[in-house]
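Encoded as structure tokens, here's the structure I'll be asking about.
Order of writing sets the chain letters: A, B, C, D, E and F. Residues in each chain are counted from 1.
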Amino acid sequence: MPFISVEIGKLTLEQKEALIKAYTEATVEIAKVPPEAVLMFINEHELENIGLGGISLAEKFGKKK
Amino acid sequence: MPFISVEIGKLTLEQKEALIKAYTEATVEIAKVPPEAVLMFINEHELENIGLGGISLAEKFGKKK
Amino acid sequence: MPFISVEIGKLTLEQKEALIKAYTEATVEIAKVPPEAVLMFINEHELENIGLGGISLAEKFGKKK
Amino acid sequence: MPFISVEIGKLTLEQKEALIKAYTEATVEIAKVPPEAVLMFINEHELENIGLGGISLAEKFGKKK
Amino acid sequence: MPFISVEIGKLTLEQKEALIKAYTEATVEIAKVPPEAVLMFINEHELENIGLGGISLAEKFGKKK
Amino acid sequence: MPFISVEIGKLTLEQKEALIKAYTEATVEIAKVPPEAVLMFINEHELENIGLGGISLAEKFGKKK
């Protein structure tokens, strides 16, 4: 039943698999639930769609299109 | 005012329209709100961005790119 | 795998059970997934925490504490 | 620490930057937090993925593909 | 149609009303939508349920129960 | 910038702190971001507000009030 959602920038396939593995293992160990009960969604965002301190991360990191 | 969000894999246009219709009708009938008050977003995800039991659904269904 | 979350006002136990049943049945039929794959969270909110048209629903419905 | 997420249709880069600026300024002033604490994600959706009153916005605005 | 959700600590009624008003006005002006289309939920959290930098805000601000 | 939200049942203070620590460490290591950039919210739910397979978890675990 635990549902985990992550909002983040672009990741590689390997990073996504590693996050899924790590979060699931931690949840199983800490919340005492079976692995198959842990559902997780990774939401990748363009930097221009993420704001921090009032400006977009595209602007903050000089990556505006 | 009810807001419904669905996290799911890829759907056809017909499936999305059917989900919107069915959820809205159920909400109207059960929660006694007018149809125009029911707002819904469908979020479609790549299988590699969905984790269940510690692995991605792309790996689980043998659909890794 | 489908994950459904509902943001709504206060509901009775019967209404919550009816929503869970109705949404799950619709999802199973339309998205062709098994019932046990459908995970759903109902988030109930105080009217003062819901805004529509620039004012809270507590104000809109004359129910401010 | 405040986290803001917006579900909306397609926006221009300028609109996204303006929303990030305006929401952050309002949050800083009202919730008395420093700007760098305000994290925000803008989620842009196709009209066919947004339902209102039981039909998709693509159908409602005559923009079905 | 725009849906805004805010995850934040405890607020006063006045702060919540001010946030609803400010976000809605900014959305109407920037995204060119009518006010009644803007739906917003404010989710207030205990500091022990918010993590930043690997510790809870309750611990960070010395407010552990 | 990564934002993590967890929907789960009731947890102890220790469990919440352990989840925050574990998820943050995994995110830092895998996504190569600094710890202070990782923001996380834990949303605890009553079993009657969680549906799986068409029924609430309160019913499934025989804990209906």
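A few remarks follow.
The criterion applied here is as follows: a residue touches a chain if its C-beta (ideal position, glycine included) is under 8 Å from a C-beta of that chain, and two chains touch if they have at least 3 such contacts.
The UniProt protein names, listed by chain, are A, B, C, D, E, F = 4-oxalocrotonate tautomerase.
Only a predicted model underlies this, so the values are computations on that prediction, with no experimental measurement involved.
Shared contact partners of subunit B (4-oxalocrotonate tautomerase) and subunit D (4-oxalocrotonate tautomerase), listed by label, are A, E.
Same interface as B-D, judged by over half of the contact pairs sharing residue numbers, among the pairs A-D, D-F or B-C: A-D. When you average the Cα atoms of each chain and compare centres, the chain farthest from subunit A (4-oxalocrotonate tautomerase) turns out to be C. We define each chain's centre as the mean of its Cα atoms; on that basis subunit C (4-oxalocrotonate tautomerase) and subunit F (4-oxalocrotonate tautomerase) are separated by 19 Å. Rounded to whole angstrom units, the spacing between the C-alpha centres of subunit A (4-oxalocrotonate tautomerase) and subunit C (4-oxalocrotonate tautomerase) is 24. Across the assembly, subunit C (4-oxalocrotonate tautomerase) contributes 1, 3-5, 7, 19, 23, 39, 41, 43, 50, 52 as residues in contact with two or more other chains. Here, these are the chain pairs in contact: A-B, A-C, A-D, A-F, B-C, B-D, B-E, C-E, C-F, D-E, D-F, E-F.
Touching subunit B (4-oxalocrotonate tautomerase) in their complex are the following residues of subunit C (4-oxalocrotonate tautomerase): 1-9, 11, 15, 18-19, 22-23, 26-27, 29-31, 50, 52, 57. Contact residues of subunit C (4-oxalocrotonate tautomerase) toward subunit F (4-oxalocrotonate tautomerase) in the complex are 4-5, 13, 16-17, 19-21, 23-25, 28, 35-36, 38-44. Taken in their complex, subunit D (4-oxalocrotonate tautomerase) has these residues touching subunit B (4-oxalocrotonate tautomerase): 7, 43, 45, 48-56, 59, 64-65.
By the touch criterion stated above, subunit D (4-oxalocrotonate tautomerase) contacts subunit F (4-oxalocrotonate tautomerase) in their complex at residues 1, 3, 39, 41.
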